[in-house]
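As written, the chains take the letters A, B, C and D, and residue 1 is the first residue of each chain.
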Amino acid sequence: MSETRYTKSELMAIMTAKEFRDWEVAFVGIGIPLVAGITAKRFHAPNLNIVYESGCIGPQKYRVDFNVGDSSAADGALCLTSEWRVFSDMQCGYYDVGVLGAAQIDKYGNLNTTAIFGEQDYYSPKVRLPGSGGGNDIGSNIGRVVVMVRLEPLRFVEKVDYLTTPGFLDGSPGARKKAGLLGSGPVAVVTDKALFRFDPQTHEMYLDTIYPGVAVEEVKSLVGWDLKVAAGLKTAPEPTAEELAAVRAADPANLIMGGAAARKSLAGLDEYIEITIKNSGK
Amino acid sequence: MSETRYTKSELMAIMTAKEFRDWEVAFVGIGIPLVAGITAKRFHAPNLNIVYESGCIGPQKYRVDFNVGDSSAADGALCLTSEWRVFSDMQCGYYDVGVLGAAQIDKYGNLNTTAIFGEQDYYSPKVRLPGSGGGNDIGSNIGRVVVMVRLEPLRFVEKVDYLTTPGFLDGSPGARKKAGLLGSGPVAVVTDKALFRFDPQTHEMYLDTIYPGVAVEEVKSLVGWDLKVAAGLKTAPEPTAEELAAVRAADPANLIMGGAAARKSLAGLDEYIEITIKNSGK
Amino acid sequence: MTESNYASKQMTLQEAIKKYVQSGCSITFGGFIGRDCVAAAHEIIRQGIRDLTVIDDSKTDVMDLLVGAGCVKRWEGAYLGYGAIGLAPNIRRSVEKGVPLKIELEDWSNAGISMRFLAGSLNVPFMATRSMLGTDIIKYNERVKVINDPYEGEPVALVPAARPDVAIIHVQRADVMGNAQVWGFTGNDENKARAARHTIITCEEIVSTDEIRRQGNLTLIPFYCVDAVVQVPFGCHPQSCYGYYAYDVLFCGDYHEAAKDRDKFLKWLDHYVLSSEDHLAYCAKVGWDRLQKLMGMERRFNRIPG
Amino acid sequence: MTESNYASKQMTLQEAIKKYVQSGCSITFGGFIGRDCVAAAHEIIRQGIRDLTVIDDSKTDVMDLLVGAGCVKRWEGAYLGYGAIGLAPNIRRSVEKGVPLKIELEDWSNAGISMRFLAGSLNVPFMATRSMLGTDIIKYNERVKVINDPYEGEPVALVPAARPDVAIIHVQRADVMGNAQVWGFTGNDENKARAARHTIITCEEIVSTDEIRRQGNLTLIPFYCVDAVVQVPFGCHPQSCYGYYAYDVLFCGDYHEAAKDRDKFLKWLDHYVLSSEDHLAYCAKVGWDRLQKLMGMERRFNRIPG
């Protein structure tokens, strides 16, 4: 796996894109999940419709969004409505797939985006994270949930410090239904080294697909429990040139995938506007 | 009181109009209540805003409405929204005054618009009436409620067959609050012979204002309980020529005040359209 | 709720009613004495559908027809009357005399039933409301539950979510995906479309999806709530359709006069509905010139931009 | 809720904040990372208002400023982060280190807090939701009550109505009566305006009431919910205002970099807020040419008709 040909973020976007199906309605956060959604539309899911929590349904993307309430999230939308309505529509089961990030994930797919306690607790945490946002709602209500998280030390833990977003809770049979949850839980965890899925009986996360050049032992060493490996462990294909081009076209100024460094390399607002308009197809 | 100079309906509309105050928001049903609202706007309440239960807020009336969902109810409205929202806004206390009709009313101002039982009951009534519609909601939630009902035999009863819309319930102190109701209850009952109000202590309806030419005994004979009469019983002024002109201008084809008879006297659709457009000021 | 979102959900009115409206099902209609689904009600009568449970707010015109034609078993709703015009003749005959058959009634207030649709649209089991407290509505309707609010302890009424099998909503414009745009008041339509298991959109005009995208704020019902899209111009006559045609008050008056007598009603029904093959035939009987005049009148007052 | 509806509620931003936002009050802001009330937040900081309880959904930009400036005592909400850009520096310093002071946090999900505003707007004491069940949100937040639905017996969560003292909502257009029209997504704004005891509308443009009447379907907040109307062009910068100007991603990035360091943040705050007399002075510091460019960019993608 050559870090010079593509970045970890690009690889994650491409692997996530494969989880979308054509004609689905996807509830997608801004950032890499959106890049994944746009990429999917260029390949196998041209009729994928994206919904943002600010109230934008089915935008026709002319430019990249930086947050769900950026006016670009509304460009050419099929329906512009309210936050409470799209969350209610989610609760009605209208959204087929959702994509989530997390700071911590446990072996039953429960997520923490609220606080890393460290030596302390919820009230005085080591790191205060953003909180649930729409994450809990996606994990509670959407049919299929895809989690995107880097496979880094202390992220894959036996038990999350704070359970923000339900996966399979304690993993027991029917635990989600007993709690009153509607969606069927996480279906995939996409990382920068491997893709994980969940055992339909035990609801335990297992290694399903490994990326080219990554060793199983490396993956296991980064997971905080005794990780099971699929009998028919798959190896992901290398991203194609077309896939990489699609990912990069979805973020032409590289501000999402490149972050602060890319921002600094821009000459200024004029260059940003120029790049955006040139790539908007409008 | 000369029946040749004005009709009972016209008199009721004019008496009701006086209950509106300038700058109020009025939740008004179609028919005579609306004519009363339009009339009030020509005199002492030019800034009265009218709300219809279909979801129309503050229309600028170009033509008369025949029902709350007639597209004319939406002409030039300040806000076009939903039925559930205007009922919720009512529950928030945004509407100052509401006007209601009824088939039966009792001495505590409770209304029946559901069924006249006769010899039978709710399940097989003598007359099935329309039901609550928004009436119960107006009576439950709006600050001041004005009731319009003709003073005819069997309408003013000791106890309504079916309590559709709450007045002061059993009249006991705090009965409305105990039940969980928000509005302060009915303030006036406008009829074709007299105007009634409610005692602030006992909540019993009393005769407040009698119309010119009507005898107190006639009123008492039409009321099904021992009606109390205000110490300072007032006499209503005769409607002025200006008031009558305003009422008639609000219903130029006379279809609301005149009913089926007026409808038959029209030559046809062309004449109706011509009258409407000529009187619309548009 | 739709099982899948394909590119085109367009079909004929006959096909949509046949596919989604079965005898014995529960149903709700969009509009609010204006934007009523009159053409769809006619088609339900033509197809001989029976034993409907209608869950609705104030739906007199459609209900008086359906009850008179013997299609309805049960009504859960708030208002069946003609406002300024009078009581509903077929409703009265049914409830008072059992002609042609006696319908069951469950009374609600308009706010109460509106909250049932809101709950259904949110997929929550109930909603709280401050309406109906202290009245006989609650005495005769056991599904209104009065509880003490667990936060402040005050009495409040609960109403259960409405979950009709089908909603039929008439709108001004839709695309073939099912994105439905509405101008004027919106009644309870966005909630009915979401509360129902299946939603049929009838519309005055089918427009392109690009046209929908130009005014996304006016899309009241997005595609994913919709199963079928049917173009039915003048589908609300004699009711109004904001921006398209005015209320036909004289036609309604004539209907009301006829409906007072059972035989005259049956003749009216035969002439305008049963012996009219489809909505086009109904329009021809009403008269295209009459419809054009109503359209001209409405556009004088309300003209939809674009 | 307004005490009275007079013809003109127009005032300056200074007047509106002074009249309705007191130290110790609870407050919510409109928009959703876009259409944010940035100018109003600056004025709150300038007036030295303290001990605010902010009840909101995802309001990072405004909150990071207010918390850094020491105006906030308590937060009830769902999300405080910069999405793609990173965590919120002033929020972290406050919660982790108590700098400049430690704010109380009450965590909700976005759907959960949205239902609190919906309940507030309906004037009912609570709403049911299927979010937050089974998680630590409920463990640490006792105001989420899990009950068995009295109709079907299934578990469901209740959330209490939000009733902030003040809502500030920025919209594209309003008239002086307070009718506020919004294009683009609407967030929870129509519910916040109704849930709050007092509502301040800030807007890009004040238009005539006749202009409002031309597109009544776009009036999200009617006059009777509104106490004050303030014209504040570019009142959301560096956030976007749909149809008016685009998101200033580079300015936000610079803010985020500066805010990571307390001293640099205080310099930023002094330059752009404290030593700017009003929003006009802020705009001049940002640069009118920059604002015009953002306006030009937005109008290329979204142009509001009329």
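Note that contacts are C-beta pairs under 8 Å (C-beta built on N, C-alpha and C of every residue); 3 or more make two chains touch, one makes a residue touch a chain.
Owing to the predicted nature of the structure, the values given are computational and were not obtained by experimental measurement.
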Selected interface, B-C versus B-D, where C-beta contact pairs are more numerous: B-C
Distance-maximising chain from subunit A - centres being C-alpha averages: B
Whole-Å gap separating subunit C and subunit D, where each centre is the average of the chain's CA atoms: 38
Subunit B and subunit D, separation of their C-alpha mean positions in angstrom: 41
Whole-Å gap separating subunit A and subunit D, where each centre is the average of the chain's CA atoms: 26
Residues within subunit B bordering two or more other chains: 56, 74, 80-81, 88, 91, 182
Residue list for subunit D, restricted to those that touch at least two other chains: 122-124, 129-130, 154, 156, 183-184, 190, 217
Interchain pairs in contact, sorted by label: A-C, A-D, B-C, B-D, C-D
Sites on subunit D touched by subunit A in the complex: 31-36, 57-58, 60, 77-85, 87-88, 91-92, 95-96, 105, 107-112, 114-115, 117-118, 129-137, 140, 146, 154-157, 183-191, 239-243, 246-250, 252-253, 256-257, 290, 293-294, 296-298, 300-302
Of all residues in subunit C, those that touch subunit D in their complex: 119, 122-130, 145, 147, 149-152, 154, 156, 158, 160-161, 182-184, 215, 217-218, 305-306
Residues on subunit A engaged by subunit D in the complex (per definition of touch): 29-32, 52-56, 62-63, 66-75, 80-84, 87-88, 90-91, 114, 122, 124-137, 140-141, 162-166, 169, 175-176, 178-182, 255-256, 259-260, 263, 266, 268-270, 272-273, 276-277, 280, 282
Contact set on subunit D toward subunit B in their complex: 1, 4-7, 121-124, 177, 179, 190, 194, 209, 212-213, 216-217, 219, 222-225
Contact set on subunit A toward subunit C in their complex: 23-25, 47, 49, 56-58, 60, 74, 76-81, 85, 88-89, 91-94, 182
